[in-house]
C-alpha cells in the first residue's frame, strides 16, 4: 500500500480533528474579512424598508434551538429593523421544542433596547400543534387558533391583537425557518392571502427556496450564516454572524483541500494498484 | 364497522376541506373548515402523548426484565418523569411547577435539552467534511459534475474564495449565482417539487377515497 | 459567576462533550447522555401538550361554552385504545379523521399552492431590470384617499393639500393613468414595461405593488397607443381587492427590461428534463433517454450546488458550540481555581 | 394654536380611517357569489388530476397491463437483505422521521411491508426504530402482516418496530448508538428525512453497513447520494412502493401521475412558445393561483 492508497483510506477521525482545529483557531487568532451582499439579501432589506412605519408585521420563529447559530442573528437583525421602523411585531412559532421560548427571549431582549411595551408593540402568540391547521386557520381568525398568547393572557386583553383579526391586517411576514414549514407559509398563506413575505433559512434549505424567490412567492431570502451576516451589515448591527464567517472560511478551504487530496489519491492510488496487478 | 367507518370519516373530513376551499370564507362551509382544523390540532396533540406512554412502557418493560442496557433505561425513565410531572402541576402551587421561566421544566430544557440538540446538529460539520472527502471522487461524469459544482459553490460562499474567483476573467460569482443557483439548481428543485407534489396529492386523494389504507395497517 | 451558574455551565459542557465523544467511538458516557436525551424529549412533550392543547385549546374553550369541542376531545382519547389488543380498532376513527383532514389540506396546498405557481413561473421569461425611470406623471391626482362617496373630504383636502378625491363614475373603481413615450432604442430582447404601484402611506398597514409581469402589458395595467405615438398606461383599481381605507400613493414608472435568454432556456430545460427523469411509464431510451440523461446531469449539478451551499450552515452550527466551549466553559476555569 | 388644529384634524382623520378599516370587512363582501370563481383553475386542476388518477387505478384493477420501468437501486434492496443473512447480522429500516400524515412516511411504511417479507423469508432479524406512535402502530401491523404472509408468524417479535424518541436528534442519537453497537449489515432509510440524513448515513457508513436511502426531500438528497450506496430520488420513492407492492392501486396512481406530468410538460412548453411570440399573457394568467 503506497502513500496515496493510505491517504485514500484515511481514518475519518483525522478529518474530524482537522475540522475541529479549523473552527477553534479563528477564535484564538481572529481574522477580519469583508462580506459581499447578494441580491436576495438586499431584497429582504429593501422589502422591509418598504413597509410603512408603524405597520403590523409577523416574525415567525420556525427554527429549533439546534440552528440558533444561523437563525438567531437573522431574528435579532429583523427585530432591529422592525423596531426601528416602529412596526408592531407579532411572533409565533410552529416549533414545539423551544420555538416560543426563543421568541420570548429574543424579542423581550430587543424590546428593552427600543423601549417597546408588551401587548402594545409586540406580542408572542407561542406555539400550537399542527402547522397546516394553524396556518390556514389564522386566515379566518387568529383568535380561534391562539385564544391566548404564550403566557396565557387572552388576546382581547392585548391592545395590539384587538386590531389584528387575521392576515388581512398583517402587512408583512418574516419567516425564519430551518425546516419545511416555510413551504406551507408559501403554499397556504401566501397563495391564499397574498401577504408579502420574506424568508430567512439555514444554508441547507436555501437552495430549495430559490425557486420560491424566483416565482415571487418569497420577496427575498437570507441563506445561512452568510445571509445573516449580509443582513446584519445592511441593518447596520454587526454581531454573531459576521464574526463566525472566518471560521467558516477556514472549514470551506479545508474541505476543498480534502476533496482535491481525495481525488489525487483516488487517481494515483488506482494507478499504483494497476501496476501491482500487472 | 372496523374499516367502513374510518374510511367514511376520512372521506367526509377530507372532502369538506377540499370543497370549502372553493367557497368564500364566512359561509357555513368555510366555517366548518375552520372548525375541522381546530379539531385537528386537538386530536393531533393527543397522538403526541401516545408516544410518551409508548416510550415509558418500552423502557419500563426493559428495566423490569433486566434486558441488555437496562441500567441506562432507568435514566430515561427518570428523565421522563423529572420533565413531565412538574410541568403539569399548577404554577400557582410553586414557581418550580408549570412551564414558565424558573420552573424545573424550563431549567431542564435550557441546560440539558437545548445544548444536546445543538451538539447533535453541530456534529454534522464533521460528518459533512468526511462525506465530501470520501464520496467526491471523479468516478463518472455525473460524480464529476457534483464535485466540481460543490467545490465552486464552497469557494464562492467565502470572502477569500470570492476574491480568488474574481482573479479569473468573467464574473464567476455572478455566473454561479445566476446560472447555477438561480438557473440549474432552481429548475431541478422545481422539477422535484412539482413531481413530489403530484405524488403527495395522489396519495392524499387515495386516502380520502379510502383506496390507500396503509395507515390502518392494511398495507 | 454564582455557584449555580457555574454548575449549569459545567452541566452544559458535560452533555456537549459527551455527545461529541461519539465521533471518536461509542462509549458509556455517550450512552448516558443519549438515554437522558430520549427521556427529556418525551417529558417535554407532556408539558407542552398539556398546556397548549389540552388546557388552552380544549378545556378552557369548553368551559367557555364551546361544548362541541368534546367531539375532538373524545376522538383524541380514543387514540389510547391503541394499547389494548381488543379495542385498538377504535383508534382508527381518530386516525382516519387526522388523515382525512390532512389529506384534504394537502391536495389543495400541493396542487394550488405549489404546482400552479411553479408552472406559471417556468413559462415566464427571466428578465433583468436594466434601469427604472420614474415617469413625469400626468396623473389625475397625485394621491388618492380611498373612501366611499358619502364621506366629506374637504377637511382632509385642507389638511393634506396633496390629497384629492378622484372623480369616479363607478364609486368602487378608481382609475389612474400616466402617459409615456416608448423609447425607440430597444434591442431584440429588450422591452419597456410599466410598473404601477399603490403604496399605503400614513397609518395604514396595507401596501400593494402592482408590477407588470415580465411580459409586455399585464397584471391589470392596460396599455393604449395614442395617435401621437405616446403610450398611456392605465391601471384600474377596484375595491374588491384587499385594500382598506387609507391614504395611498400611486406611482407609475417604466422599467427597461432585457430577457435573459440563456437563463430562461436553462430553466425550461431543467424543469422539463427533471420531470422526464421521473417519468416511469417508459424505458429511458431514444429521445426520452436523452432528455432523462440531461435531467440527471442537471440534477447532479443542482445537488453539488446544494451540498456546497450547505457546508456553510453546518459549520455555523459547530461555531455556535465551539464558541460556547471555548469562551464560556474554558473561560470559567479561572473561577474554579 | 395652528399645531393644535392640525392635531385635532389628524385625530379626526385617524378616526375616519379606523372606522373605515373596521367596516371594510363588510365592504369586501359586496360580491354576492359565495363560490370562488377566481379559483376555477385550481378546481379544474383538481378535477383533471383526480379523474386521471381514478381512471388509471380502475384500469389497473381491471387487469390492464401497465408498464413501469425498472428503478435502479430497487433490486439492491433484495441483495442487501441477502447480504445481511449471509453475515448473520440484522437489517435496520428507518421509515423516516415524520408523522404518519406525511405522505412519504406512508410510502416508507409500504416499502417496509415488502422488506419485512424478505427478512421473514430469510429469517434475518429486522429492526425498525420510529419517531411517532402512529407510525409505530402502522409499522407493527404491516410487519406482522408480512411475517404472517411469509408463513413465519412464530418468528415475529413485537419489538421489531419500536418507538425510540419523540425528538429528531434524540431519535438520531439513539439510532446512531444502535448502529455502532449492533453493526447491522444493511441500513434502509425510506421516508421523510431532515438534517439527520447525513448523521445516520455517515454513522452507518462508519459501521460498515450497506446503505439504501429514499426520500422526496430535495434538500436532503445530496447527502444520501454522498453517503449511501443507492439512493431513490424524489418520486422514485413513491414509485418504489408501487413497484415493490405490485398493487394495481399503487401502479395506477403512478401511471396517472405520469400522465399529468406529460400534461404539465406540454403546458410549460406551450406557454414558453406563446410567450416567445408575444401571446403568452392570457395563457400564463390561467395558472395564477389566488
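Each chain carries a letter (A, B, C and D) given by its place in the written order, and its residues are counted from 1.
What we mean here is this: contacts are C-beta pairs under 8 Å (C-beta built on N, C-alpha and C of every residue); 3 or more make two chains touch, one makes a residue touch a chain.
Because the structure is predicted, anything quoted here is derived from the model rather than measured.
A.B. asks: Taking each chain's centre as the mean of its CA atoms, which one is farthest from the centre of chain A?
C.D. replies: Comparing chain centres, D lies farthest from chain A.
A.B. asks: Hey, how far is the Cα centre of chain B from the one of chain D, in Å?
C.D. replies: Centres of chain B and chain D (C-alpha means) sit 12 Å apart.
A.B. asks: Go ahead and note the Å separation of the Cα centroids belonging to chain A and chain B.
C.D. replies: That pair's centroid distance is 16 Å.
A.B. asks: When the centre of a chain is set as the mean of its C-alpha atoms, what distance in Å lies between chain A and chain D?
C.D. replies: So the centre of chain A lies 24 Å away from the centre of chain D.
A.B. asks: Could you list the positions in chain D whose residues touch two or more of the other chains?
C.D. replies: 21, 31, 39, 42, 46, 49, 100, 103, 133-134, 137, 164-170, 173, 195, 218-219, 221-223, 225-226, 233-235, 261, 264, 289
A.B. asks: At which residue positions does chain C touch at least two other chains?
C.D. replies: Those would be 19, 22-23, 31, 33-34, 37-38, 40-42, 44-45, 48-49, 52-53, 57, 82, 95, 98-99, 101-103, 105-108, 110-115, 117-122, 202-204, 242, 244, 268, 271-272, 275, 278, 299, 302-307, 309-312, 314-315, 317-318, 320.
A.B. asks: Any chance you could list the residues of chain A touching two or more other chains?
C.D. replies: Within chain A, the residues that touch at least two other chains are 12, 16, 19-20, 23, 64, 66-69, 97, 128-129, 132-133, 136, 168-169, 191-192, 194, 204, 207-208, 211, 214, 226, 248, 251-252, 255.
A.B. asks: Chain contact graph: line, ring, star, complete or other?
C.D. replies: Looks like everything touches everything, fully connected.
A.B. asks: Quick one: in the complex, what on chain B touches chain A?
C.D. replies: Result: residues 25, 30-31, 33-34, 37-38, 40-41, 44-45, 48, 100-101, 106, 109, 113-114, 117-118, 120-121, 125-126, 128-130, 132-134, 136-139, 147, 150-151, 154-155, 157-162, 173, 177, 181-182, 185-187, 189-190, 193 of chain B touch chain A.
A.B. asks: Spell out the part of chain D that touches chain C in their complex, as residue ranges.
C.D. replies: Those in contact with chain C are residues 6, 9-10, 12-14, 16-17, 20-21, 24, 27-28, 30-31, 39, 41-42, 45-46, 49, 66-69, 71, 100-101, 103, 133-134, 137, 164-167, 169-171, 173-174, 176-177, 180-181, 218-219, 221-223, 225-226, 233-236, 239, 254-255, 258, 261-262, 264-265, 267-269, 271-272, 274-276, 278, 280-281, 283-285, 287-289.
A.B. asks: Which positions of chain B touch chain C when the two form their complex?
C.D. replies: 2-3, 5-7, 9-18, 21, 36-53, 55-57, 59, 69, 72-73, 75-84, 87-88, 98-99, 105, 108-109, 111-113, 115-116, 118-126, 128-129, 132, 141-143, 145-154, 156-157, 178-195, 197-198, 200-201, 203-205, 207-208, 215-216
A.B. asks: Which bits of chain C are touching chain B when the two form their complex?
C.D. replies: Listed in rising order, the residues of chain C that touch chain B are 8, 11-12, 15-16, 19-20, 22-23, 31-54, 57-58, 69, 71-73, 75-77, 79-80, 82-83, 89, 92-108, 110-112, 114-115, 118-119, 121-122, 260, 262-263, 266-275, 277-278, 295-312, 314-315, 317-318, 320-321, 324.
A.B. asks: Taking the complex as given, what residues does chain B use to touch chain D?
C.D. replies: Within the complex, chain B touches chain D at residues 18, 21-24, 26-27, 47-48, 50-55, 58, 113, 116-117, 120-121, 123-124, 127-128, 130-132, 134-136, 146, 188-189, 192-196, 198-206, 209, 211-212, 214-219.
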